[in-house]
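Across the two complexes that follow, subunit A remains constant while its partner is subunit B and subsequently subunit C.
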Partner chain A sequence: DSPVQYERVGADVTMKCGSMDWDAAVTWTANGTDIDESRLNGSYLILKNVDLTQSGQYSCYEGSSWHLKYQTSLRVGTPPREPVLMCRSNNYPKGFYCSWHLPTPTYIPNTFNISVIHGTKEMVCEKDAVPKNRCHIRYLQLFSTVKYKVTLTVTNALGKNFTTLTFDEFAIVKPDPPESVVAKPVPNNPRRLEVSWQNPSSWPDPESFPLKFFLRYRPLILDQWQHVELSDGTSHTITDAYAGKEYIIQVAAKDNDIGTWSDWSVAVHATPWTEEPKHLTTEAQITETTSASTSSFMAPPTTKICDKGAMVGSGAMAVCWTAGLVVAAYSVLFI
Partner chain B sequence: SPAGDSWGIFTFLCAALCNLPALPALNCSEELGAGQSIQQTYDLTRYLEHQLRTLAGTYLNYLGPPFNEPDFNPPRLARAERVPSATVDLDLWRGLTDNARLAANYRAYSRLLCYLRVLDGQVGTAELRHRLAHFCASLQGLVLSIGGVMSSLGYPLPAGPAGPPAGPPEAPPAPNDFLKKMDDFWLLKELQTWLWRSAKDFNRLKKKVPPAVVTLRLEARGF
Partner chain C sequence: MAGADSPSAALRRRDLCARGIRLAGKMRSDVVDLLDAYVERQGLDASASVAAVEGVPPAAVERWDEQTGTQRLLENLAAYRAFRALLAQMLEEQREQLGEADAALGRALAAVLLQVSAFAYHLEELLRLESRGPPSEEGDGPPPQPQGVFEQKLRGLGVLRELAQWAVRSARDLRQLAKPGPGSAPSPTESP
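This part shows the complex of A and B:
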């Protein structure tokens, strides 16, 4: 297997044909294609100001015998720029995780090394299988006054770089967004929307470390959000919605006392309950009366009663069932 | 809300029962009183934490660099061990009894108050003296509040410096100006960490003691 040769973008590369003399007659190929003699200086191949497209397999053959004298795999890349490192505790008080990436690609393989120092102690950050470029640490002690210092070093064949983060235990606490956000209209209330959600599943101990929440909502047609901060509970009823307008709603979470707000949850849409128009179109009326008189076994559509509200909750189901029973009883009378 | 109404009824009954001379002291009014004062103590820690942020900022600027640099991360010297630390093993913290939890807070703030009062006497500017005095008064209130919770739950107060101190115990004076400033730095750091910890301590205590959704003033026993 041919050795790999790493070179920087923009560098001048000189390749020697193994142990052949400078004045030997040779042919160079790049990925199997012959290279023009103008690129050669004797038996040396000169590549000036290399770019990424020149990565590949370079081979050198003796002039007459076509013996392979030398082969190398050229990889053009860059040394690493300062990596971007982020550490966060979304599972306080269990621990925290750090994740990193390079701001620009290097086009060649990189290795990352992370070290975590707490006071005088070095802690081990266990690498996650998925996603890569992430590791996690368990807290051994809580309420520490000593900062954590995380250093990430990235190394490749062309150079190395590093970055450091220093932080207090409390400063990096940021929960994941709330889950299962649901917004429902409230029957017979044209200005209300009932919103409920759950604690993020990554937050391990909401009993001892309660979360508070921030709700924002607006009708789709407006840009201005309305905000509500809630110090407990995982539900809230909006009472000032514009009648008949579709709303977009999001929730964020934060530890009651420390750290920062989570990102916004997935947005949910809901429209407040609106009253059914009293009159039906004439076409619909005719269909209804016809089906009621002609069919004894076929239940007339019960969807009219059950259709109220955009979402079906348990209350609406009870109405459906009742309607179904009434219709069934009525139908039996017709037998 | 319906939940509030049933609590109201419950507390009314409890108060009525507790005042029947025939029954042995049910202590329920005291427990409900404790629930309210746990909430008050929690609120006090949040207020103090907020106050401390301003105070610490001013004080560290007064100390000057490197103490007022955000990245300043000195090693903990042995002499800093005198200041009671909030740091604790996670499982140990979880397993603390209510009494132990409250006592740890009581002892810590009593001692921190002592140290702060010494600071108050030495500090240079009038603004700082004013801020420190105000903070010490609030911190004294916190100590008393914790003491009140402990008493209402029937726990004995920990022995030790509770009232105005003669001076912090076993405190060799700092041999030089820099080390003195380090002492001050760690004092403020520990105070800040304790206030964060106390919020969590009192959250846990809130769950244990029934919440007092009380509109009746049960403290006035002449009911």
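This part shows the complex of A and C:
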């Protein structure tokens, strides 16, 4: 394996062909492709103002024998910028986790080191296997007024940077959103919707550390949300829904005493119960008993001229009494 | 007197716990408001770290979930008795320092002192139900008074911060106590 050489974007890089003299005849390749002689200063390879596309395997061969004299893997990148760090307790009172990322990539490998200090005590933040940029800490003490100080340092071959977060035990408590939110219409109640949900499964002891909830709902056709705060229970009946309108509903959770609200739960949709229209039921029955056709079209009954009981004659010539009288009257006029 | 685990004692315990939880919630809310006012009136920096002050019971506890019901009650009672004495001293200091210029702060301090006393009473009642009874207060002298106005103000900040934490802890402790099962009531071998 060839050694790795890290260089900053924009740097000027000079590569020597191992122990070869400056005036030796050599050939340089980049990822197996010959490099033009104009890039050479004697046997040195000069790369000015390097960019990310110039990362790769560089090799130097002696002119006549084509013996490999030098090889290096060039990695062009940047030193790390100040990392972004977040700490949160979604499983209070068990512990909290911290997660981090870089605001811009460095394009070269980075290592992260995190330290957590509580008063004078250094605590161990155990790294999670997945995701890699996260670690968790178990609380050793509860109800402490002493702040936690978390420092994250990121280092790579081109530099280092760090950030620090200081916080109270209570301030970072933020549960995960409620789970299994279900909204159902209430039979025979056109303005009600029954909503139920469960505590987030990550919250370890809802009995001793109860959550309160915030419900928001609106019909899809409007932008304005209605809000309800609920101090206990995991269900609520909406009683002022607009009849027949589809609603969107979400729930959030918060520890009863400390911390901040969770993100909103996954949205659920529901429409209040509506009564079946009666005339549609009657026409459906008529269509079934009088017609063998699969056509759904039927002349509306209000357009009929006379009842079947007043028909005279048969088949195509069948006419009703009323129509017959009208025809007779016109006939007399034109005689 | 009913046994500690009789139905009437269990009901009384549940009632005392429920009322105590409500009182702790109100107390916390009032202490947080008082803390803001205190910092402002006394010209302090809200973000200042105050080292552990002598005589102020820290709310911080290790292995909180492993405590028995009796331990919770005894620790809470010791704390609120201490806060009662500390707040009484703070009230006197506040009257001497600011006097009539800040009657509102004095009234807020007095209101919290009343709630702390009421909460201590709740805890004493709960301990009586445990057939243990509250420990005597004889021999509990007044807390040491800080020398100097600035030290008094810093102690006041420490007192109110710890009291706010205690109010949260106490609500949790009472919820643990109200749960059926071990840790919320004395074991059968302890009851008379």
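Everything that follows uses one rule, which is that the second predicted complex is superposed on the first by the 281 of 335 C-alpha atoms of A that agree within 3 Å, B and C clash if a C-alpha of one lies under 4 Å from a C-alpha of the other, contacts with A are read in each partner's own complex, and residues count from 1 in each chain.
By our rule, a contact is a pair of C-beta atoms (placed from the backbone, for glycine too) under 8 Å apart; a residue touches a chain by one contact, two chains touch by 3 or more.
Keep in mind that what you see is a predicted model, and the values were worked out from it rather than measured.
Upon superposition of the two complexes on subunit A, a steric clash is found between subunit B and subunit C. Judged by the touch definition given at the top, the superposed model places A:149 against subunit B, while subunit C stays out of reach.
Residue contacts after overlaying the shared chain place A:104 against neither subunit B nor subunit C.
Ranked by how many residues of subunit A each touches, subunit B and subunit C are led by B. After overlaying the two complexes on the shared chain, residue contacts for A:65 are found with neither subunit B nor subunit C. In the overlay built on the shared chain, the residue A:224 is in contact with neither subunit B nor subunit C. In the superposition on chain A, A:120 contacts subunit B only, with no contact to subunit C. On subunit A, the patch touched by subunit B and the patch touched by subunit C overlap at residues 93, 140-147, 170, 207-210, 257-258. Interface of subunit C with subunit A (complex): residues 25, 28, 49, 58-62, 64-65, 161-162, 165-166, 168-169, 171-172, 175-176, 179. Only residues 93, 140-147, 170, 207-210, 257-258 of subunit A touch subunit C when the two sit together in their complex. On the side of subunit B, the complex with subunit A involves touching residues 46, 49, 71, 73, 75-76, 85-90, 93-94, 186, 189-190, 193-194, 196-197, 199-200, 203-204, 207. Residues 93, 119-120, 139-147, 149, 166, 170, 207-210, 256-258 of subunit A touch subunit B in their complex.
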